[in-house]
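Have a look at these structures, which come just after this line.
Two complexes are shown next, each including chain A; its partner changes from chain B in the first to chain C in the second.
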Partner chain A sequence: MIARSSTLSAPWLLAGPGALFFFGLVLLPLALTVILSFHAYDHSTGIQNTFTLSHYVTVVTDGYYLEIFWRTLRIAALTTLICAAIGVPEAYILSRMRDPWRSVFLLVIIGPLLVSVVVRTFGWSMLLGSQGLVNQALQLLGFPSVRILYTETAIVIALVHVMLPFMVIPVWTALQKLDPMVEAAAWTLGASHFTALRRVVMPQVTLGMLSGSLIVFGLSASAFAVPALLGGRRLKMAATLVYDEYLHELNWPLGATIAIIVLVANLCIMLAYNRMVEARARRTLG
Partner chain B sequence: MAFLTLEGVSKEFGTFTAVRDVSLTIDKGEFVSLLGPSGCGKTTTLQMIAGLVEPTEGRISLDGRDITREKPNRRGLGVVFQSYALFPHMTVAQNVAFGLEMRRVPQAERTDRVREALMLVQLSSFADRYPRQLSGGQRQRVAIARALVIAPPVLLLDEPLSNLDAKLREEMQFELRRIQRKVGTTTIMVTHDQAEALSISDRVVVMEAGRMTQVDAPYRLYEQPSNAFISSFVGKTNLLAGTWRRNGASSAVDIGGVLLEASAPEIAAGTPVTLSIRPEKVLVRDAGAGRLEGHVVSRFFLGSQWLFTIETPLGTMTVSTPNQGGEPPAEGSRVGLDWSPADLRVIAGTAAAA
Partner chain C sequence: MQKNGPVALIFHVLVLTFVLAPLVIICLVAFTPENTLSLPTTGLSLRWFKAVFEHPDFMASFWNSIWLATLSATLAVAFAVPAALAISRYTFPGRDFLNALFLSPLIIPHLVLGVAFLRLFALLGATGSFAWLVATHIIVVTPYVLRLVLAALSGLDRSAEQAARTLGAGEWTAFRRITAPMILPGITGGWLLAFINSFDELTMSIFVTSPATVTLPVRMYMYATESIDPMMAAVSALMIAITAAAMLVLDRTFGLDRILVGQR
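Here is the complex of A and B:
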């Protein structure tokens, strides 16, 4: 009897701590944020104990917020696209490398993740600033200096830099599973290197690329440090907007509303995308 | 007439020589096997013919045309890979059609030729399946159809049967030969399985440590192996070390004082030799009869035959006799061994190499 009751309680005991953490650190704060977003707010007296939908109405009708949402979407999508364009060939080259070099380059690729986000981002702001290395080089070559820092370009550059590993690694994993002889088979059947890549290798890494895109898009859309430091005070993205509402405007309910809308939008996009990925996976890999 | 020719082909990987000075001439329509243990350079040789590996030295020509440096996609040879290397995201029909598509064969003709190729390998009803939905033998046949549909001048098979289980492997051997006979394509197969090489090839090329050591028809390879390694690698054999003696017209091998009559005109008296005798050439007699006495250490029943291990003054010998239905000599019993002197094969040198 004792043995039986202990086997029955074992799953609960094992899953308990994790569930408790998940509840306490994710679900509870999320629920509080949702409740907070419905509280009324007054600039002179602060958060009111009455409930209202006015924050949601404000956010979806005010062009200021819509522009920031649109910018967030655009930057995240552009980052994803560039990561795919660079990351897929990079993963292919990596998978064809021999061992000492493969380890070295894998480390180079995941390198950005090993450096603190603040240090890394300040590094980019030094490179891209009006007197930074990039502009100095341009002037030396006789070109006029360009303004990169505090533009969307700067944000995208820095995001691509840190997001690249999240694209390379899933694609690389997909390539690892690919029989190298499959490509050789395509050559012997008359396909050129390019055709073999397009018709045989690419279709099999799409899955890795799509799941990589999902990670890159999600992380880029909610990035905070990069847009905060490289976008400056005026060029805001969703995460920096939430931060400002909370800490500068002190309008916590409005900040909570924006956070919830970003979360829902992100979830919708990613779930839709994931469905597409899974449908494709079922079709080609079974 | 020589169709495919390899002249002094070598391949070095850094300091390691995988293939050393291979010269081979293959006629049109011939089925040739490259046989050898793993690491003997047979797959590298095949990949050089396919164009996947570039030879360090030598020349490969096909129908009079030098193809040594030609890219694999320009050679147009059919290759069946050990892993089959089917395209997992394409159906069977799409896999087979790929080579025709690359050759810009019109859609209607493509459909016809794919249908014919699938009929040849008896997979017509599987055209719309994906490779993952097929068994090993079916995948292998798709790979053959895909390689044959482009009507290649030469078909290259890299251990095509090694991923199949024993029973299926045997069936597929004959299937492979049937297809090859029907299509008449010059075929080169790489294998480490001597039974496979012997059963379906016109000629067998034995490779050892990157070199070609014997090229012969299967039965000649079996009966007249040129060295001790081949005699033990191709089929089973008993190898006995001795010294070559000659006394006028008669000659014999001296093994620890026992003289065994044999003939080998080209060997000088007094040289160390290896005597090779196949297990099925030794006859089991009653004790006292025959040329040699021994006792049965163990016996195994293999269905069609009995396999004995017999301890003799010359050493332990393996002997096989066909199953005649009766009870053969029991373990521990004494027997006499007999053979025809013509079945003894004398090879110069010691068996140490084997």
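Here is the complex of A and C:
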């Protein structure tokens, strides 16, 4: 009897403090933010104690907000595509290298993950500026200088740089599970390199690529530092819009509305994607 | 094993250039003797590093960030280790929910966490205090510790622990003398990863810091939006150096690829 009750209470004694802490600082603030998004707001008196759906109506009908959401989706999708186009081949190339090169280059590729996003974005703003290295190189080659900084191109370039490790890591992990002898077996059995790549390597890689895309898309769509520093004042994305509503316009309910939409969209995409990936995993891996 | 062809190697070099270019340019520009952001052409100078160390705001933010990261990583370990023991060793109602709750900050965009904390603190009248800032960082970094400790526990041979228990060791003694040393790599790796993530965090912190508790990334962000001089490059170069040092330690002790890649 005593033993039974102790096995029931032991895990809660161990995890209880953390659970309470997370309950109070994750679920509670999120719930408060959802409530906040329904509060009415008045520009002269601030947050009202009446409830309204008007912020949601504003956000989904006003062209200004729709344009920002549309831009956010477009940039996130483009970043995901480019990350896949660069990250998947790169992970494959890395997996075919020999140590020590393999571990050295893997570190070089995923190491920047640990460098602050502000630092990396600042590096890109120097490279892409009107007097930056990219433009100097273009002029040296006889091309006219182009305006890259404060355009969507700059945002996408820097986002790809920030997100690339999140694509390489899952593809690399998937490739590690693949026995290289299987690919070799396909060659011995008469498959061309291309066929072996398509029929043996790709099915494994696709799983890693799908989970990588999910992370990259979610993080890009809610990225703040890159659009804030490289997009300038006019080129806003969802995260910089929320920041402006909160800290410049002081319209917290509207900012909360946009933040909740970002969160819900993120969770929906994640759930749908997970379903798809699981279904695919069952089909291809049996 | 098939070797990479010339096309693959060229592609690889291009990717490496892309990955390293912004970091290399920062480290070069940081040594410029000029007053503007430019590559050092006439000579190398440490004047902008000196300027950073003499800049009271940057130094205050630096120490603030160091303390914040140390405290939040340590407290995250204090929450995550018992939680990992509960999740990996017991089956109880609510176990999956707890696991999801502890890992949820990885899925919730930091932006959303930031505005959520801001609302809570505004209602509590707690905006701008350092203690609450630590609390928010604990939330953000605990999942990293939890994942590494869970991985360490799942690969653990429990026979040594059971032997200790049979020989009369209490639960606490068995944990302290047997289990804890065996999962120490997971704990230390988790602590370091938590430290780095807290030290680098911008998007959430920007909502919950006050002028007195501005962290280094937030300070750098504000500085970068207002003025452009090589001091920003010098701070960035220092950040890169600190991160690289932490990476080397992580890599020598546990293998960075194992920590970042092979968590499951």
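Keep in mind that, in the parts below, the second predicted complex is superposed on the first by the 279 of 286 C-alpha atoms of A that agree within 3 Å, B and C clash if a C-alpha of one lies under 4 Å from a C-alpha of the other, contacts with A are read in each partner's own complex, and residues count from 1 in each chain.
Simple rule for what comes next: a residue touches a chain if its C-beta (ideal position, glycine included) is under 8 Å from a C-beta of that chain, and two chains touch if they have at least 3 such contacts.
No experiment lies behind these values; they were computed from the predicted model shown.
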item: Clash-or-fit label for the pair chain B, chain C on chain A; value: fit
item: Which of chain B and chain C A:T153 touches, first, second, both or neither; value: neither
item: Chain C, chain A and chain B - angle at the middle CA centre, rounded to the nearest 10 degrees; value: 80
item: Chain A residues touched by each partner, larger count belonging to chain B or chain C; value: C
item: Partner chain(s) touched by A:M270 [first = chain B, second = chain C, both, neither]; value: second
item: First (chain B), second (chain C), both or neither touched by A:V182; value: first
item: Partner chain(s) touched by A:V200 [first = chain B, second = chain C, both, neither]; value: first
item: Contacts of A:L28 with chain B and chain C, given as first, second, both or neither; value: second
item: Nearest Cα pair across chain B and chain C, whole Å; value: 8
item: Shared contact residues on chain A - chain B and chain C; value: 184
item: Complex contact set, residues of chain A against chain C; value: 7-8, 10-12, 14-15, 17-19, 21-23, 25-30, 32-33, 36, 86, 89-90, 93-94, 96-98, 103, 105-120, 122-127, 129, 133, 161, 164-165, 169, 172-173, 176, 180, 183-184, 193, 218-219, 222-225, 228-229, 238-239, 242-243, 246-247, 252, 255-256, 259-260, 262-263, 266-267, 270
item: Chain A to chain B touching residues, read off their complex; value: 179, 181-182, 184-192, 195, 199-200, 203-204, 284-286
item: Complex contact set, residues of chain C against chain A; value: 1-4, 8-9, 11-12, 15-16, 18-23, 25-26, 29, 37, 39, 79-80, 82-83, 85-87, 89-90, 92, 95, 98, 101-102, 104-105, 107-113, 115-120, 123, 135-136, 138-139, 142, 196, 199-200, 202-203, 206-207, 217, 220-221, 224-225, 232-233, 236, 239-240, 243-244, 246-247, 251, 256-257, 260-262
item: Sites on chain B touched by chain A in the complex; value: 50-52, 71-73, 75-79, 81-83, 85-89, 98-99, 102-103, 130, 132-133, 146-147, 150
